[in-house]
Structures are given as structure tokens and as C-alpha cells.
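Residue numbering begins at 1 within each chain, and the chains themselves are lettered A, B, C, D and E in the order written.
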Amino acid sequence: MANYTERAKQSQFVEWLNDNAQVLSIALFFVACMGFFWALTDTFMTTGNLLNVVRQGAPVLIVAVAMTFVIMTAGIDLAVGSIVALINALAAILMANGFDWVTTSLMMVAAGAIVGLAQGWFISFQGIAAFIVTLAGMSILRGIALYITEGYSIPIKDQPGFFWLGRGTLAGIPVPAILAVLIAILGFIIMRNTRYGRQVVAVGSNLEAARRVGMPARWIVCSVYMASGIACAIAGLLIASRLGSGSSNAAVGFEMQVIAAVVLGGTSLMGGRGSILGTTLGALTILIIGNGLILMHVSPFLTQIVTGVIILLAVWMNTRLFGSGFKLGKKG
Amino acid sequence: MANYTERAKQSQFVEWLNDNAQVLSIALFFVACMGFFWALTDTFMTTGNLLNVVRQGAPVLIVAVAMTFVIMTAGIDLAVGSIVALINALAAILMANGFDWVTTSLMMVAAGAIVGLAQGWFISFQGIAAFIVTLAGMSILRGIALYITEGYSIPIKDQPGFFWLGRGTLAGIPVPAILAVLIAILGFIIMRNTRYGRQVVAVGSNLEAARRVGMPARWIVCSVYMASGIACAIAGLLIASRLGSGSSNAAVGFEMQVIAAVVLGGTSLMGGRGSILGTTLGALTILIIGNGLILMHVSPFLTQIVTGVIILLAVWMNTRLFGSGFKLGKKG
Amino acid sequence: MSEASQSLERGGAIHPNSATPLVSLRDIRLTFGSHQALRGVDLDIMPGECLALLGDNAAGKSTLSKVISGTYIPDSGTISVAGEVVRFSGPNDARSRNIEMVFQDLALCDHIDVVGNLFLGRELHKGPFLDQKAMLTRAQEMLDALEIRIPRLTARVEKLSGGQRQAIAIARAASFQPKVLIMDEPTSALAVAEVEAVLSLINRVKAKGVGVVLITHRLQDVFRVCDRAAIMYEGTKVAERMIADTNLQEIVNLITGGH
Amino acid sequence: MSEASQSLERGGAIHPNSATPLVSLRDIRLTFGSHQALRGVDLDIMPGECLALLGDNAAGKSTLSKVISGTYIPDSGTISVAGEVVRFSGPNDARSRNIEMVFQDLALCDHIDVVGNLFLGRELHKGPFLDQKAMLTRAQEMLDALEIRIPRLTARVEKLSGGQRQAIAIARAASFQPKVLIMDEPTSALAVAEVEAVLSLINRVKAKGVGVVLITHRLQDVFRVCDRAAIMYEGTKVAERMIADTNLQEIVNLITGGH
Amino acid sequence: QEKTYALIQINQQALFFNQINEGAQKAADAAGVKLAIFNANNDPQAQNSAIETFIQQKVDGIAVVAIDVNGIMPAVQQAADAGIPVVAIDAILPEGPQKAQIGVDNTKTSEDFAKFVLEQHKDQDVKMGEVVALNSFIQNVRKDAFNAVLKTDPKVTVASEVDGQNVQDVALGAAENLLTANPDLTAIYATGEPAMVASVAAAESQGRQDSVKVYGWDLTSNVIDGIDAGFVGGVVQQDPAGMGKAAIEALVKVAAGESVEPVISVPATIVTKENVDQFRDLFK
């Protein structure tokens, strides 16, 4: 009498679309931006310009990859710009004092790790909100950069190896871009395919559950800030190399660029959901917007407005079109 | 055989301490800072200086009160500084074009409300993360301010009534301070004793639950951004009146000051928990630290570092001492 | 013809008395992404009657009940309240028609105290101000009626035990003169005495003419308070039975689909 | 003298067999703020035995079980595992001693898929990489053993129904050779067939010598699988009974304190 | 009793401001007075607050490098009312009670510099790109005054302006994009130190040293290298330390009851290959 039927099997394709909605959305937007600037400017699609963009973008991309891990744990790192400035200044000072560039770079990566660890300790072991720890860190670290440089921009001289890092090319591709891509791939693999990546997602999704199943939850939270510190150190070195000088004035407003890239890539600020692929596309989108607007000779008074509007639009599209899942044959 | 005994009654006092731990903590810290600067500088505890502090601090306090509502809903408004700058510039332009100050002020409050409403609409009705909407807003609105002023500052002339707003006194007390205190009291009452306040807490605590019990959840979320916009308008007018000019450079870094004040006051960035009293004390603490450091002639290279360290310390104390609740007769 | 036969396909419907149903659902469908949570469900809720909504896990019971309470908007199908077709645009619409619900996830605000949660969305007020004192007094009465002991009504619900939280959610839904009361596994975390209190609550409100929908996996309770049972399977209603005409074994067989 | 009489005051203890207890708690106390959640509790968990932990809502059952699983650190009292006094500094310590727990709030990660949640904290890996394929295969086996049907194991657990989520939490705790298995209201959201599966799971693991602690408000289940019952009241253990020597009414009376 | 003076600074992230501070500090030490320096971090309101605070503390004189020249006036007025002398450095304040205006006239210097640039490119078509800082009042003045003169020469076109936001690496990205966007660019004008550093680095990284001449404000070590390499055509170098020194000396004089010139000029030099040697020591 009763008719027991099973539900229709879920369509593989739709499930896949749903699972990857965020990345698809930003990919679409990225392609649209590319097309737009290609159509409207002559220079945009030249190899020279594109290589330029990836070289300029390397620091943002590198830090954005690390920031994705941070935001995945439902944290945030507002201090990245200040760490970059500090490393940038320190590196120049060390080299001015006779250290060779390899030693300096290694020391700087260690310094970034230590700074990140210190922030992570307050956040994970002392339980203070990441927002406030890194807000304080932002102020303290740039203060230190200011203090050690006394406002001077410190020239870096005669370090061809170091300059190659920021300005050189390998097989025609800028070294910073290669570095950034390698780091992005590393981040992608770690996030998707390793235990550590799984632990980061778990901690961001439900910290208490992660703790209860025996994950070293506090250490994981702490470690992402360390990763962010290291990424900032690399970015700081690249910037120092490109500018040929170190100054406390570097990377002002950097944190907002990085966070915008991550969020644009579909990573949720509530933690637990995000992807490195999205972040990469998000960062590239922001970069080509900056580049394209200059190529189009948009009045500099308008660039801020236009950039803001475009970002808002991209995220809006991301949320509206893809946010609530695809519905098959449903009108509303 | 079995002995059925009831648990010891909970101590009223300890419960009260627990419920008000955050406010007590910042109050303690505030008093400590006061004592410190009183001991170390002659000028700090003079009426003139204290009145100065409250006059200077009025904009931060006013916006912090509104920001408390925003953060209570688990949102954030990064655009406050930009809204202040925009209002500030617009007001100067209007008055330079012959509008009287009362009309201008009313129009500015309306403008603030509209800007806030626009942000709120994206956040609540379009479901985009507050962080990203207001980050875009931050860029767009300051861009507009820059665009309409072309980077210059616009003098405000011959508006004695308007100047009184920012510089005058009533019974010896600066008008902005009176305004700020009134707004703080209003905020306090609304948050604690009205339906609207309860709705804000409910939305911040569990948006879906608030929706299910029939609260107009989206409207509530939207409205706090409108409140924030209005508060920014008032702050922008006060700043314009104090400076006697409007410029797109006004209130740089304002959002961080305001957010730091709110968080210092014990409001949780996760929403649902916070108090206007705490915010008021938090804002005052930040203000007297700034003032005290000037009076102590601390090297400008150190102020950023010192400010950051003090804020971190205050929040650390807040979390460690009071965070996990008082334990009676427990060592751990 | 087709109406009736289609309806039969969807599990049939028994009208225990001739009164108009308080709420009546027809061919309700709802899809999440590509997952068909509800595949065409008919249901009538009669006054003064307790309807048990039974089924396996993930059968769609919670989803269906959320449709009745306006929390989910169905993709298609009609909802009538007291004979009149309505379109709920949100929980508020259902609530204003006196449809109350105890949610499986309770829907409490952790940062608000017990009193505040009991009156959530229906705060007593004097002018624009909350009337805290009146709420405190009434809250105590509401909880007493359900035999719930909570030491401090001004404590946040965050730290209460699972059972205490559930009791608060039940008290909230039951205390505001509902005409339809939907309870989604209301007793899952409750201790023996509290379960008894909830069952007698159901009997009390039934006597007042309220239509109760009880979702539960405790079948013995169904036989104590319910009059009719609707059984769901994979997003459809597969059967309806008068409790008086059935027994535990038949119900179990219906739920598991015979396997 | 004092030891014994104190212990008696705390509800006494029955040792059903002479083996060393797997876990043994003595005078466990825990205070949250000024709220005495546990006021001195003794408890022994014996191998191959199912111990029912019963009590009214807010009696402290969940809190006590979290103490055993290392989630809460007691203020005072001793915990011995296999006769040896230990100090848990976190859930990891308990887990490394093969104490597994199903939490009342399930402790699932919403953003991770079913497979990932089943292996949470114990991911299979090849070198540094997750072995997704092996996990998927084993996950299917784990769920089949509990007769749980979940359409897509790579779906996030976020959107699953209450019962499905609970089943995942049970499968997770039961599948990794526990010596002590604590289940905090594991069947509260489960449908009839799934409840049967859990009960037979308990009987299966008992037979392997595992000590099971079952917290539940479904007293009929207690009589089907448990050997001993400990009854808590307001943060104390008030009584202990061998199931064979008692009956439903006595247990109910003990739980409610006779009132 | 020892006198105390206050210096209200814009920010400390440009060398220029720090050299003002150093000059002022040296002068204060020499005169045996105390100096308190306040850094407003680009917030105009903070400058006013600091002045008000120093008034409360009854300092003996205030020197101010204004962010918002109009906005600072109420505070200057307050100081004057309290009997505290104020001198302005660099940014030119509107008519008011300040005792002296110290520094370079940015408008006039920009005009002169523009004429110098035109001179360098006499009879050539010039395609100029500009790296500016829209958030800096002074740099806007430098941009507009410079452009006003360029307009008089029909052979000169301003191809594009980009905003470096007064931040080195932002300016670097912008300058690089400026160069790629305009492959036929022949000159760059940078309105401040971060923009200048960035323009030099951009010309190098894009390998455009041969085709582009860089002009702008404020020397740094890298800029000097650029002058040596030949692609930096000229730099306006002010004497910030001299400004700081002059400000303190003026305040000391006023406090002693003496009068000072209302405009104390600390002239700027246009640095080129010819005269760069005398500045090398400053940037070691």
C-alpha cells in the first residue's frame, strides 16, 4: 500500500559545482577582468606587462597564502604590513653592517617566525582575540621599525645576489613570481592533502572538537601565525630587494590588500572554509585591477573608488550567484 | 541510605563579579592608568587637561558607542574613519557654498544615515561579510572625499554657531564632551533596557534563532550600520568644527582607535557580549594614554610601541584575570 | 479523480474528525541544492489532536516541520491555515498565526539569560523599555508549569546542561497560547520526570483545542499522547494511522520500510 | 575507617567482579565559577561491563564523563587507569589510554566531510599526505557496522540531519579499539533501527572486554544492555545498583530523589 | 628654569620629517632647552589635540609642521591666546597669529623646478608621468604648481598621474605600471620622498634608464646613485635640518622677547650631477 521510493540520486556535477562555487565565482570574475582590460587597453596583454604584474604581486600573493591559513582558523593577522616593514628595515640594516645577503635572509626568516610565534602565543595560549593581538602588533612592530631606522630609508648596496631575488628572472620569468607560485602550490598541497592542513581546517571549524579528538589545537593555532610571520619575512625581503633599500615606510595598508585578496577568493572569515586556489585568484584579481586602471589612465582620484566598487561587486557576485547553492529547476 | 543534598547556593557576589568581569577589568585598568599619569606628570590631573581630553575624545567615544552595537551583532565597521572624512569634507564644501550650519548639519546626519544604510543593506540583505563590505566602503568613501576636495583642505569661515559645537563650553564643560556623554547614556539605556537593544544582542548571539522567534533580524543588522553612519556624521561635524576646515585626510586610522576602544571595553568580536559602559571606559583609557604619553614627552619613536604594548597588556589582563571566571578556593 | 489518487500516492490522509484542519499541507516539495529533502507531502493538523510525525533519521521530519513554522519556504505546494491558503514569507508569519515550534537545535541565544530567552521576540515592555520584573515573575511561572528547576533565571543559557536548555525551549513555545504547537524531538535530552511533564503538557494543551505535532523517536511516548501518526520515508509521507488502530510493531515496520 | 565511611557517604561502590577497574575515580570535585558541578564523586569502570550513569538534568553526568575523557580537569580527586594514578592534562592523554567518548554535543567539525570527521585526529596517512582513498573505504565499513545510511561520504556534515550527525559521532568513538567507551546520550536523536544498532554495538564491545559508560534518559535501554547503574543527584553520586538486583521503579525513585 | 618647546610633526615615515626633528633637537640642545616631539601619524585631529595638550602643559613655544593648514588654525589661535608663540615649518599656514613661517615656499619652488625641467628638455617633446601622493596636502601643492608651469609649454604633455599614497612599495608598483602603460614616456616627476625612491627603483627595474629622466623631491642614497648613473635629472633638496634648527632658534628668540622675521626662508637646492657631491655626506 505505502510506496517506498528512494530519493533521486544527487547529480555529481551539481554537487561538484556546489563544492567549488567560491573558486568558480572568483575565477569567472578574474577572467572577466582580464577580458575587460584586454579589450580596453593595448598594453595589458603584453608579456612585459603581465610579467610586471606577477612580479609586483608576489609579496601580496605570498602573504595571502599564509593569511588563508590564518583565516581558516577563524583568526586574522592585521600585523602583516608591519612585519614586512620591520623585516625590510632590519634586512637593510644588517646588510649595511656587513652581513652577506644569504645570512641576512636566513636571519630574517627566523625573525619573521619568532614575531609570528609571539603573536600566536598570545592568541592561542593566552586566549586573546587575534584581532586585538595583531592590532597591537601592527602598532608595536611598525614602531620598532621606525625606531631602528629613525625614519631613514637605508640603502642596500652591492648585493647582486640579493637584487636578483627581487628583480632577476629565471628563464624569462621574474624570480619573485616563481617564488610566489611555488609557495602557492606548497600551500595548496598542505591545505588539501596533509594532516596539518586537515588540522587547520578542524581547528577553524570547531576548536573544541579538534581539542577533544586530541589534536594539538593550541599549537596549530599558534603555528599559522608563525607561517604568516615567515611569509611576511619573505615578502619583506622581496620588497627590500626590489626597492634596493629598507624603510619603515614599506607596506603601509598591505594587510588590507592581503585580506581583501583572501576574502575575494572565497575564504570565510568565520573559519573552516576556504581555498588557496581562490586566494591566488583573488590576489591576481586585485593586482590586475590596480594595473589595469593605471593602463586605462583612470584619474588617480578615482582609483580608490573604482577599486572599492569592483571588490564589492566581486564579492557580491560570489555571494549571490553561488552562495546559497545551485537549485535545479527552482524559481524561488 | 543515599544522601540527597542540594548544591551550595551560588554566591550572589561572585555571580555579580562574573557577570561584570569585563567592565571591572577595564575600570581597574583605567584607574591604574589615571594614577600612573597623575603621579608622573604635573599637568595630567588639572581640570584644563582633563576637559581637553574629553573634548578631543568626543568623536572616538561617540563612534565607539555605535560601534559597540555593530560589534554586538558580530559585525564590524571598518569604514568609520572614511565616513568621518567624507562628512567632514562635505560639510565644509556645503558651508563654503553658502549653506548655513544648521541645514548643513542636518543634511550631514542624513548623509551619514544613508551611507550607513547602504553598507547595512549589503551586509544584511545581501549577506556579504561586514568586514569586506566596510573594507570596500573604507576605500570608496575616502576616495569620494579625496575626489570632492581634490586633496586640499577647505576652510570653514564665519560660522560661530558651528564652531561653538566643537569648541564651545556649557557651564564650563566642552560641548562635544556633553554631546558624547549624552550619546553614551542613550546607548547604555538602549542596549540594556529596550526591546531594540535586546534584539541587537539576540541577533549577535544567534541570528537564526532571532529570525525564528520572529525578530526582523535583517533590519536589525542593517540598522546598526545606520546608527554607526549617524554617529560618524556627528563625529565628522565635531571634527570639522574643531579644525575649522574639512579635508579628506581627517580621521586617518580612526577605525582602529574606535575598535580598540570597544574591544578594550570587553565587547566580544564574536557578537552577543559587550557593554556600553565598558566601551566608554575603553575609549577613555585609550585617550588618556595618548594624552599622558604626550605630557610625559615620550620619544615619538616610542609612542607607537608603548601604546601597542599597553593595549595588549590591558586585554591580556582582561582575559587572564577575569576571562575564565572567578574560582572560589581553587588553585588549579 | 487525479487529486484523490495523487493524494493516495503521497501516503493518503485520514481525517479523524470533520472539523477544518488548523493547518493543511498539500504536495509540499523542497530541494536543498540537488538534495530532495521533501518530495511532495500532504499533512493535516486537526484541533485538539496530537499528530506524531515519525520516520527514520533524515526522512525529512525536521524539514517538514520547519516548513509549517515558516522557517523554510517550500519550492512548491500549498499551505492553508484554518482553510485559507497562505504564503509564509518567514517565521513571523507563522508565529502571528499562533503556530509555535520547539526546534531540534533549540534556537536559544547563548548570551541572553533564561528569562530573556523565554520571552525572545515577545518581550514584555512598558513603553519602549523592557519590563524586566514582570518577565522574571512570569518566567518563573512558565518554568514551574513544566516542573523545571533552574537555579538562577538571570544566568546566561550558555552554560546550562543539555536538558535544561531543552526545557527552556519547550517552555517558550508552550507558554504563548499557541493554536498549533510543533515539537521537534522535545524530550530527547530530558530526564524521566521532565519527560512526564512534557507529556502531560501535551495532554493539557490538546484539551484546550490546540493541534500538536510531535516528532519523536520514542515510540512508547507516541502511544501515550498521540491520536494519529504520519510516517515519513525519504522525503515522502508513506502512511498515516490512527493510534487506536495500530500497534508498536506496525509502526516500526512502517518506519523502516519493512526492512 | 574514614576512607570507607566517606566513600559510603558518596554513594558507596559495588564491585561486580574482582578485576582491577579500567578507570577508577575518587572524590572528584569540579566547580565552575561558584557553581559546584561535581561535589566528590567516586566511580569505577570495570572491563566487559556496561555502566549506566543516570540522573536528573543538570545532575552532572556530562561533566563527570568529560572528566573521565580528559576534557575537564577536576579541581581535586584522583583518577586511576588500570590501577595506576594518572593526571590527565587534556583529552589527548585520555585518548592515548584508549578512552573514547561520544559527546552530548557530538564535537563534529561542520566544514569537514563525513570521512574526515570519522578520522578526525587519527587521519590515515602515507608519509605526510592524507590517504583519502583508504579512509573512504574504511569509513564505509565503519558506518555499515552501525547500519547507518549516508548518501555521500564526501559531503560536509554541516547539513546532515540530527540523527545522521549523532551516528557519525558514535561510529567515530567506537571504531578505534577503545578500552573504555563513554557515550553521553548517544541515542537521543536516533530512530528505532539505529538505536537497536547502537545497543547491539554496546553488547559487542562489552564482549570484547571494553568498559562502557552509557549516559541516557531512556531507562528501558539501560535494562537491556547495562550491568550496573550509578545514579547522580546534584553533583553527587547518590547510589549504585546492579541492574539484575533492581527494577525500573527503584531507579526512577533514585533519580528523582524520591520526590 | 629650563624652557620647553614642542614640535608637532606629521609622521616619521619620511626622512624629511626626521631630519627636521634632528635639526630641531640639535638646536634645542645647543640653546639648552628641552624639546618634546609629537608624531601625529598623518591624523590632523591628533595634531590639534597635541597642541591643546601642550598648551595645558604651558610649554614655552610650539613649532608645527601642519597636515591640514586650515584645520590647524584654531589650535594655533588657542596657543596664541594662551601666550604661547607658534612658528610654522614647511606647510604654509594662512594668515594668523603665528610668529614665523619657516621653510621652502613649495609653490614657488615647484614652479622654479618646473622651469628647470623645461630647460633640460628644451626643444624636445616631453611626455611626463607623475607619481604623486594625493593624501598629502603639500605634495598636492607641488603637483599643481608644477603642472601649471608645464601647461605653458605646448611640447610637454602630462601623460598620466598615479597615486603612490606616500608609501614606498605602493608607489613602486604604481610607478612600474606607469612605465609599462606609457612605453614612450620621457620623464617622471615624483612629488615626495617615497615616490622618488620608487620612481628610481622602477626606472631601474624596467630598464628604462636610457629613455626616461626622473625628476622629483628629496634626496636619498638611491637617488644619489641615480644622479650618478645619469637618469635622475634633478632633485629638489630642501634643508629640513636647517628648518628644524631655524624653528627652534626663532622660538627661543621670541621667548626672549626679541622679534623674528615673519618669513624665514630656508632655500631649497636643485641637485644635479654638478652639485651632488656636497650632499653625499648626508646619506652615508
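Rule of thumb we're sticking to: contacts are C-beta pairs under 8 Å (C-beta built on N, C-alpha and C of every residue); 3 or more make two chains touch, one makes a residue touch a chain.
All figures in this text were calculated on a predicted structure; none of them were measured in a lab.
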Lowest number of touching-chain links that must be crossed from subunit B to subunit D: 1
Subunit B to subunit C, fewest steps along touching chains: 1
Intercentroid distance (Cα basis), subunit C paired with subunit A, Å: 47
Geometric centre distance via CA averages, subunit E-subunit A, whole Å: 34
For subunit A paired with subunit B, centre-to-centre distance based on mean C-alpha positions, whole Å: 29
Contacts with 2+ other chains: residues of subunit B: 7, 10, 15, 146, 150-151, 301, 303-304
Touching two or more other chains - residue numbers and ranges from subunit C: 32, 35, 151
Subunit E: positions in contact with at least two other chains: 12, 21, 134
Chains touching one another, given as label pairs in label order: A-B, A-C, A-D, A-E, B-C, B-D, B-E, C-D
In the complex, subunit A residues that touch subunit E: 41, 43, 46, 48-49, 52, 56, 59, 146, 150-155, 167, 239, 242-245, 247-254, 290-291, 294-295, 297, 299-301, 303-304
Touching residues on subunit A, where the partner in the complex is subunit D: 7, 9-10, 15, 193-196, 198, 201-202, 204-206, 208-216, 271-273
Subunit A residues within the subunit B interface of the complex: 122, 126-129, 131-133, 135-140, 142-144, 146-147, 150, 256, 259-260, 263-264, 268-269, 301-309, 311-312, 315-316, 319-320, 323
Subunit A - residues contacting subunit C, complex: 1-8, 10-11, 14-15, 18, 325-328, 330
Residues of subunit C defined as touching subunit D within the complex: 32, 35, 55-59, 62, 104-105, 149, 151, 159-164, 167, 185, 188-195, 217-220, 252, 255-256
